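So that you can tell them apart, the chains are marked A, B, C, D, E, F, G and H in the order they are listed, and the count of residues begins at 1 in each.
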Amino acid sequence: MSDALHIGSFSLRSRLIVGTGKYKDLQQTKDALEASGADMVTVAVRRLDLNAPGGDSLMGYLREKGYTLLPNTAGCYTADDAVRTCRLARELGMSGLVKVEVLGDPKTLFPDVVQTLQAVAILVKEGFTVLPYTTDDPITAKKLEDLGCAAVMPLAAPIGSGLGIRNPYNLEIIRNTVSVPVIVDAGVGTASDAAIAMELGCDGVLMNTAIAGAREPLRMARAMKLAVEAGREAFLAGRIERRLYATASSPLAGVIGSKLG
Amino acid sequence: MSDALHIGSFSLRSRLIVGTGKYKDLQQTKDALEASGADMVTVAVRRLDLNAPGGDSLMGYLREKGYTLLPNTAGCYTADDAVRTCRLARELGMSGLVKVEVLGDPKTLFPDVVQTLQAVAILVKEGFTVLPYTTDDPITAKKLEDLGCAAVMPLAAPIGSGLGIRNPYNLEIIRNTVSVPVIVDAGVGTASDAAIAMELGCDGVLMNTAIAGAREPLRMARAMKLAVEAGREAFLAGRIERRLYATASSPLAGVIGSKLG
Amino acid sequence: MSDALHIGSFSLRSRLIVGTGKYKDLQQTKDALEASGADMVTVAVRRLDLNAPGGDSLMGYLREKGYTLLPNTAGCYTADDAVRTCRLARELGMSGLVKVEVLGDPKTLFPDVVQTLQAVAILVKEGFTVLPYTTDDPITAKKLEDLGCAAVMPLAAPIGSGLGIRNPYNLEIIRNTVSVPVIVDAGVGTASDAAIAMELGCDGVLMNTAIAGAREPLRMARAMKLAVEAGREAFLAGRIERRLYATASSPLAGVIGSKLG
Amino acid sequence: MSDALHIGSFSLRSRLIVGTGKYKDLQQTKDALEASGADMVTVAVRRLDLNAPGGDSLMGYLREKGYTLLPNTAGCYTADDAVRTCRLARELGMSGLVKVEVLGDPKTLFPDVVQTLQAVAILVKEGFTVLPYTTDDPITAKKLEDLGCAAVMPLAAPIGSGLGIRNPYNLEIIRNTVSVPVIVDAGVGTASDAAIAMELGCDGVLMNTAIAGAREPLRMARAMKLAVEAGREAFLAGRIERRLYATASSPLAGVIGSKLG
Amino acid sequence: MRIEVNGEPHEIAPETTVFALLRTLGVGDGPVAVERNHEIVPRAEHASTLVHEGDRLEVVHFVGGG
Amino acid sequence: MRIEVNGEPHEIAPETTVFALLRTLGVGDGPVAVERNHEIVPRAEHASTLVHEGDRLEVVHFVGGG
Amino acid sequence: MRIEVNGEPHEIAPETTVFALLRTLGVGDGPVAVERNHEIVPRAEHASTLVHEGDRLEVVHFVGGG
Amino acid sequence: MRIEVNGEPHEIAPETTVFALLRTLGVGDGPVAVERNHEIVPRAEHASTLVHEGDRLEVVHFVGGG
């Protein structure tokens, strides 16, 4: 089936976007990305270690494999740092695609929505394709869309917490409120969490720790690939209504022993 | 991967078992079964309609395609009716594989565990491979295993209710209590429900209405196939721990602007 | 308000029934019972310690204070032991009121419903007023009512687990299925759990560990008293419907600044 | 017990704050407020109807009864309107206590956190005691505290939705993050919701629709009074730990029939 | 000779075998199973088993079900 | 002299004070608050404050609300 | 004469009544109930009921429990 | 001539270009981006851009991250 996810001018076959951090080694990173089936992967912008310069071998691999790179501003706590980081990312990546992440505090890693809105306003003006990490607040999501974001990325739970979809109601409201793609970013812990996000009508899921931190990252990457597809298909298939009582799935008539068969 | 599900002498590649009732027509039934990837499908035993006799064309198809038939005793409200139905099923099917389902009332379609235990005791003695539909009570599940059932099939919610996994705790306790396969039977509404069942460590999922009653049964069948695989893989992969607070997924060092990079 | 709970020939002002075990000392037991406002309390039947005989001082207090004693069969794993224990309880208590509790295993302390049904059948014939501890299975609850139980006491979660109302759906179905009082027995962890049980339409709540095991048992006893009343009142008051979106609680007209006031 | 709630210079015996809108008539409003036991009630600021001027009789009653009035800015969609409304409220009420509510859209009635922060900054400078209605975002809550708010009032769910505590995790994080009182504002549907809010450690609950919209508002007001007290007491009492398995509440030794008593 | 088949009364000739009965009922050779007075009549014995006055038979087959 | 009160046009005589305006509006002595051109007019100044051509006034009070 | 009380062996004199046994056991007059060989011995019959060789007695009372 | 690179002090010769600086830093031809005093220095201008006394430079690249 052709059910591509369109973000700005980018078209993704897979609705699973994965991070490239926290893996045991380069090989595990490559294998997990491969197993996840992701087209788009996030990368961070960091200072070159001047005591041991030289390109990161992972980046060569990602480019060669044709992954779409989504640079993030992880670690930034001000709009200014995020904007500077995005400009450096564009200089590095040629593409203007960026994940804007302006953090509010190091304990929750929740976004600072005020700073995020400021950074987004500047970056959109400079022609970036902006994907902002945000809270699950529908009003903020709408502001981000109105500013010109190519998608909104509400969190499901704190980054790396694995708590899953803590507030499906807000995600559903966001999905009903904005018309750009809604990517659930952060908080997914296991496969069913990703499936639930997609069943709510979200357009994609972004994760890193849930895969990299699993006992078997490769296997979890595969599980997440399947779960995102499962959730998407279930959403499109139109689930049955919930009811408190039962409805039989075998014919009622013709049971043996009954008087009138 | 070779991760077959063994029930008695039967070995199944797919951990999804599906019903064959409630579809719009024969073609839709065939297509949904195909899309589900199931090896084992349930069928009901019913009186031949003497005003319009002749074999059911579906059965010919199922046999020809090599599906493993799991006859159920749906509609039976006494151990005696269930036992008679199973004997007729064996006469029809040659194999002694049966899903024992003795209902307690027509509104909830919950099992009558007392009658179920009685029926199971007789059927096991007669050499049947018995898969009983039961409540999510660990004590009853253990009794069923002790009687010689090849698997236990606790409900997740009322048949056809689509309420999903209403009590994951009991399913987890059952999984820890018995050593035969645990198949979640009834109550699944959408893909994530199936994934959750598998993530709890259950060995398989049996469903009918969730697929047949969906707006697009074919698509939902595919979603369920993916979800069961996703949940199984996630279970085997070993999910991350849940924590209330966050953990970063990008390197903490080397963020621009910081004084000591 | 006069909203008494009638169980058999007993009439209780308080819908909270509490256990008398696991407290630090006699004084704490008395204070917690007092704070709970309970009319009915459970007691266990145990062998007299022949190396230190003499009546338990708690019992004198309970009788003098006029508490209705509900002897339980805690620790019994067979119908026979439960029946013998009830007969001894009647000999001790004069009243034929008993809580029948036949356990299935020491790890879950879940009831053995088959043994429970057998014990109940005998005890009702012998004229006992029987309150059986059972699973949250509506079919078993109906069987217990049909056998003549004065109430049914489904568990909310394992005894002492504090997991709360794990399956509100089943409790609601039980409430709709039987006409005798439904007392939620076991599993409550904190005040809101008790309130939820009552909001589901249950007629009372029985607990011990949630109070005795709290950091401040007295305070928790008071909390539980309030919570049971709160839940009962809320059930009778008829809660508002749930809706995904909002409805204003202040007048829409007359906001300043608007053109047409 | 003396467990007063201190907000700015105000001290409240009751931790339940109620709205005064949406009741059938004046008498019902009075009776419900009475039953709720609230010390502080919210009121709205609205244009005088020049075709039917004359003071609102409710206000006379509230003043005479000595209720602490908490004027809100319901209906305001900009910081400017909210600020003007608060100034008018102070002129009306003498006290500088205000509930700042700047809405983001009429469908969700979620707050516009950016506008809310702007309004709060101005009002605090002007000496108001500011209680802001906000999302359940800990970062925004911290900003509001840092601006000088006397309390923060995160929503539990959309105003009037009755969905209850949709994201206990965020409320818990907010409670751990700020030192001013945390009042759960909006979304409560029934008694247990209020109890849960208090059990999370929140300092109070504000509601209107849950009471005014109930089938019997008076009774629900009483239920909410009890529930808030129950939840508070349970929080202070220190609940038992949750565990998957059981722990007996009657003595294990001395059960009859056992060999070694 | 009156018997009951699938809960409904039937009139058949004496000396009728289960096999013959199925034929008269127009039952195709699709797989069916027969129970007589709560006892299975194995397919192999259909031709040799006589139906008697008042017998209660169940003639069943598999249908779609969940 | 045209002014606006609570979003609706009003015609008043020149030299009218806020106090006089409230009277002509028939506003009882129930507590009301007045804002003129986005500025509060404190109760103490109602009698001494003249309303001018084109002034926009808000006259508000408390009502039940949540 | 050997009997068993509460699961433990006891030696008593012949012709001992339940009442006498309770006394020798030092059981106060707090409420206790007695079962002999799985049958209740009503309080009223304690004085008239003889304990026999090999009898198995349960002497119980109420204790705090949930 | 003192400058700061990635938050750490550096001593370089006058008239040094960004291009030359990267060389002296031993930066390979892996893709790096350079910011000078909060302004990007496009790759095309590395060779023509002189570093001045007190300049603050950031030299960054992509690394794995989520």
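As a working rule, contacts are C-beta pairs under 8 Å (C-beta built on N, C-alpha and C of every residue); 3 or more make two chains touch, one makes a residue touch a chain.
Quick caveat: nothing in here was measured; it's all calculated off a predicted structure.
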Checklist entry - Any chains in contact with both chain D and chain H? => result A, B
Next on the checklist: Please identify the chain with the largest separation between its CA centroid and the CA centroid of chain B.
Outcome noted: F
Checklist outcome for this item: Larger contact count among C-G and A-C belongs to C-G
Checklist entry - Once you find the CA centre of chain A and the CA centre of chain E, what distance in Å lies between them? => result 62
Item to check | chain A-chain G separation of Cα centroids, rounded to whole Å | outcome: 73
Checklist entry - Which positions in chain F touch two or more other chains at once? => result 6-8, 35, 58, 60, 63-66
Checklist entry - For chain D, which residues are shared contacts with two or more other chains? => result 19, 21-22, 44-47, 72, 74, 84, 88, 108, 110, 159, 163, 169, 173, 208-209, 212, 244-245, 249-251, 254, 256-257, 261
Checklist outcome for this item: Which chains touch? The pairs are A-B, A-C, A-D, A-E, A-H, B-C, B-D, B-E, B-H, C-D, C-F, C-G, D-F, D-G
Next on the checklist: Looking at the complex, which residues from chain D come into contact with chain G?
Outcome noted: 249-251, 254, 256-261
Next on the checklist: If we count contacts the way the header does, which residues on chain H are in touch with chain B in the complex?
Outcome noted: 6-8, 35, 58, 60, 63-66
Checklist entry - Which part of chain A faces chain D closely enough to touch in the complex? => result 104-105, 108, 110-114, 117, 135, 137-140, 142-143, 157, 163, 166-167, 169-170, 173, 177
Next on the checklist: Under the definition above, what is the set of chain A residues touching chain H in their complex?
Outcome noted: 18-23, 29, 42-48, 50, 53-56, 58-60, 69, 71-72, 74, 84, 87-89, 91-93, 159, 207-209, 212
Next on the checklist: Quick check: in the complex, which residue numbers of chain G touch chain C?
Outcome noted: 5-8, 25-35, 38, 40, 42-43, 58-66
